[in-house]
């Protein structure tokens, strides 16, 4: 991480600049007249939005950033005061609270109001309520894009058609109306082409974890790596540049036999290789990571890094079929995959990345992830033959991060892996 | 003699187990962890060493007659300890009365406390004097506390020395009694105890030999809730999950599933054929349905913990209880009583509710495999065991259910086994 | 002139008051009595409190006996009002500037916002969990070996309060144990607990958007330490906005019973037909 | 039949966690099968038309002890799925040949995948209802989904219904919904004669008996209440909103009414009256059914509200229609759809000075004191302050 590495990596500097630029552009949007479209990470059609010259805002990213900057507690309290229940997704409450507190972005700039809420209903029910709630706040147009769930494990042909029809007849007209610009398929293709390039590099970065030691932490470290592509930079030249730089750095680490940088230093002695399922906790992110790193545990694959698109099984955005590829992308986001599919994925990861075990971080907020994780735990244990650990926390609600409990569970779990190893060698 | 120690700093009780060079248990000690972990582990240790010395005496003593005598000696020893603590309690209360300046009421208060202490002393003498003393909590606080309550209620006078006043004095001082290490050593106590039993000469040699044996502590491993506060090196601290798994395996080598219900947490653990944990689940954050819950219930009913089980076993119709929030326990109980339910039936329901919660954790950890071992303080409670047996039968079919009278020491035993490994 | 009685059956104590409620003018408390239940048959405790209050008031006829709390089943009651209705009214009687009540009883705590007539405008309760209630504090006090009446003044003497983090009352007990073993002194522990409770209460109150005086009723109102912590918490959470005043009254533990008696008089007049008519509409 | 015996019969069905009535039906008609569905909306017409028995699975209430269900769910997930899993794991649902999981929320959606893993031999289908309002896109999609489902069900039963058979089923369910509308109307006008507990028990019975029998049951209830009227009480009138999926325990429903509130409208088991108008019977049955859903679905939290004003007026409309004094939001703990909707609905209600209270329950809540306190205070204040 920044503090521990002597010179900052280029990718890190690039990312910082990209984000700062983006928030500045957003702040200036009321003056420059750039249209602003709010949408979600899973199923974000950044290329399409960008092709209309619009700037995307992803409320989840704002929420998680607020969490990392220790602001979410207050925002959540604000939303609860406004009548929100303690029980529901804290991303929503954090976002609502942030709006109520003046809509200041995590970097301190002011966020513009949306010209359009593009509700990409992908793998999470809560999205629907979230934008209904935002519509109440902003009183702005909303367009609903229904992505059918992979109930039977595939995107059926009719469903693909249904999505494309919605794109053509609902989403694009809504974007045209909100931005005052015509749909330009060639521009969209250009963005899609750039997307695919960055996606190649991202996959290479994530798969570098197959090395021993892995040069990256594919969960804690990788949430930074997926940031740009999951949010506003997929399909942009900056995005391409970022992933090129990142890939080079990671390849250099592999060549040097280096492990990942962690909050407790470079982890070259990889005592445990783990796969992680579920989103991280943001409010105590570094503390959480340190608990793993200080025990020598490194994450070699995670599902969370697939919520904004699953690329490691071959999917790439395809400029030849612009709307079809957007439909395929949305349908393939991790949370839109059914539970048997998620189990398969975890088992594959454990095998391919030669993991010693897997950890499920179950977050209170997110039913889309959490409902069913206990069953996944047992199925994966059974099929992959490695033990799993179950940790409970939350995304951005500081009230639900109990360091002592998590540490206790993690320690017990890692000691259990040790004991098994000793037992196996004896 | 070289030995190793395992200490389990539980949330309510602290346990110590001592093993000899061969890994055989030679001593156990237990105390309330309530006020001070460091002290608690010191007390548990010294209890365990006292116990170990008794075992050594026992090794020396052979034959039926001597065994009976040995029992008498042990009870005399316990009586010595208890009277010592009782005397200290009395002393502290007297000081407290002084400090509080009751004015005119002072002498009456003093007299009331004096008579309570007297009565307790008689009770204790009778208890330890009997060949077969009834089962009860081994903690001074519990044993004396309930007697104190009883006598205080009896002699209190709403217009003079009130119950609240008497209870307040007790509450204030009992903590200090628990917090003060007993300065009497094994030697002194045992000498006094020897004086109490007839024909001590028979024992003296064995006792002398045991008392003079060097018990040389080679290694100590700590575990349990409070383990982080122990001044141990990291290698000497083990997660309580692993210790419970290993301890249960040592007691019952066929064990595959372990359920531990302690004071504030419940753990469900699966182990393989060498005692290695393969998966586990524990509840945290909410102490509903754990040992403390029964503690609250016992307080509410003004009964000893050990009396709850037997009473619940008399139930004919188990009442359905929904909430096992420890703090609400009393309220739930009162509500049921006011609805006209019988105590026995409510208690049976409460026990079932606790076990139901545990069943969830068990299911979560992977179910119940043969053999199944139940450990922790609550395993001492027959109604809980009964409910568990029923629910296991109903839901998982017939399974061997292991319960050891020493089940509360499982974690400490596991710790001691780890210590034994480290030492060798 | 009409004389009414209010009986508040709580989980820790039964409170009974007798009040004089003139047609015009302020109601007046004639007698109040509270009896701790402490493992006794509730019906007996009710009888005890009732007899004590009525004999202290020296009246031989009561126009309306209003129950509240768990008192729905008291056979000689005329009518029943629910706890928040009565605490609001009772608080208003004890302090006319009150616009919110914080009722902290043995097991529950709740915040009720009201208008100047005692009409309930909103409320928040702590649910399910017993943390932050009288029982909890009582347990802790026992642990620390101090009597309930000392808790408040000890807490005020704190110099360096300890932070209590556990939400669960039982686990908080463990926190306390750890503190004792770390050598933290009793005042600092108590103050820490008071602060954690006060923090919860302040959140309850803030979520109701309370303006004006907050009246603390229920058994814990007499805990000066808690009151002080509550004032601090409210001030801290006001963030520059107006800080609600915290108030209480010697009779605060009787607020529910007082409110019930006053509403009883109100209903008695409103219905104008006396007991029988009222009863038939109230019975369920 | 008298009121009491009708209700007793209904209660027996409600109480029976082994679904004996379904088992009896199956054994009386050898070769037939039963198909379960979860809340909220499933097209039961199609199940019926294939000669299968539709069975509503609404959790286990407070009567089932959760032994294995908790192994599947964390404490912060609502109670319904764990009791459904418990029912499944304890063999109480083994008479079902298939299960439908409507797109209600992420919990039920994920449960569909779990069910596939748990019961590989059962027919399991996730039903993705259309969430968009544009009929030209939504209707064909939904019709396609219905056709897919119908084909699957026909395969399961071995009988592919003719168009007329389909139409007959649509007609029958039109009748059922009409009877339910009448029942609700009766309670609205004479709430003392239709205690909500009774109304609820009847509807629950309707979830596990054939629609024909259910119709007969409601009709006999209508006759009985005319014969045995109750005495009105001085209660306030409320509507209950938010219990469309996990069902409140009966004790809660009783508590609300005992604390002085007549429930004059609710969304319990809303799936059984999801379509607010009769389904058109001329034309292609599947497209009629599809169209009806897209045009006439009831306003509820699980369907996207395309009209920006919809959420703001929803409560006002319901309160006006029911002639209610106030609203009780009663949502299951951790129910995202209900709880995320609540602030919007509440703001809308308060804009019209409609008094509201809100609480959370779980299907196995056993202590009602909190609810009684809140409902009681609510009715106190409506009574003491006259009207609102």
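All chains are identified by letter, namely A, B, C and D, in their written order; residue positions are counted from 1 within each chain.
Everything that follows uses one rule, which is that a contact is a pair of C-beta atoms (placed from the backbone, for glycine too) under 8 Å apart; a residue touches a chain by one contact, two chains touch by 3 or more.
Every value quoted in this text rests on a predicted model; they were computed, and no experiment measured them.
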item	value
Chain pair that, of all pairs, has the most C-beta pairs in contact	A-D
Between chain A and chain C, centroid-to-centroid distance (C-alpha), Å	48
For chain B paired with chain D, centre-to-centre distance based on mean C-alpha positions, whole Å	51
Centre-of-Cα separation between chain D and chain C, whole angstrom	40
Multi-partner residues of chain A (each touching 2 or more other chains)	374
For chain B, residues contacting two or more additional chains	285-286, 323, 364
Per-residue overlap in chain C, given as positions that touch at least 2 other chains	167
Chain-level touch network, classified as line, ring, star, complete or other	complete
In the complex, chain D residues that touch chain B	62, 65-71, 75, 90, 364-367
Touch list for chain D against partner chain C, complex	233-234, 258-260, 360, 369-370, 372-374, 376-377, 380-381, 384-385
Touching residues (chain side chain D, partner chain A) in the complex	71-74, 76-77, 81, 101, 103, 105-107, 109-114, 116-118, 125-128, 130-134, 136-137, 141, 144, 301, 304-306, 308, 311-312, 331, 333-337, 339-344, 346-347, 360
Chain B - residues contacting chain D, complex	286, 320-323, 332, 335, 356, 359-361, 363-364, 367, 391, 395
Residue ranges of chain A touching chain D (in the complex, touch as defined)	82-85, 87-89, 92, 119, 121, 124-126, 128-130, 132-133, 135-136, 139, 142, 144, 146, 148-149, 151-152, 158, 162, 165-166, 169-170, 338-343, 362, 364, 367-368, 370-375, 379, 392
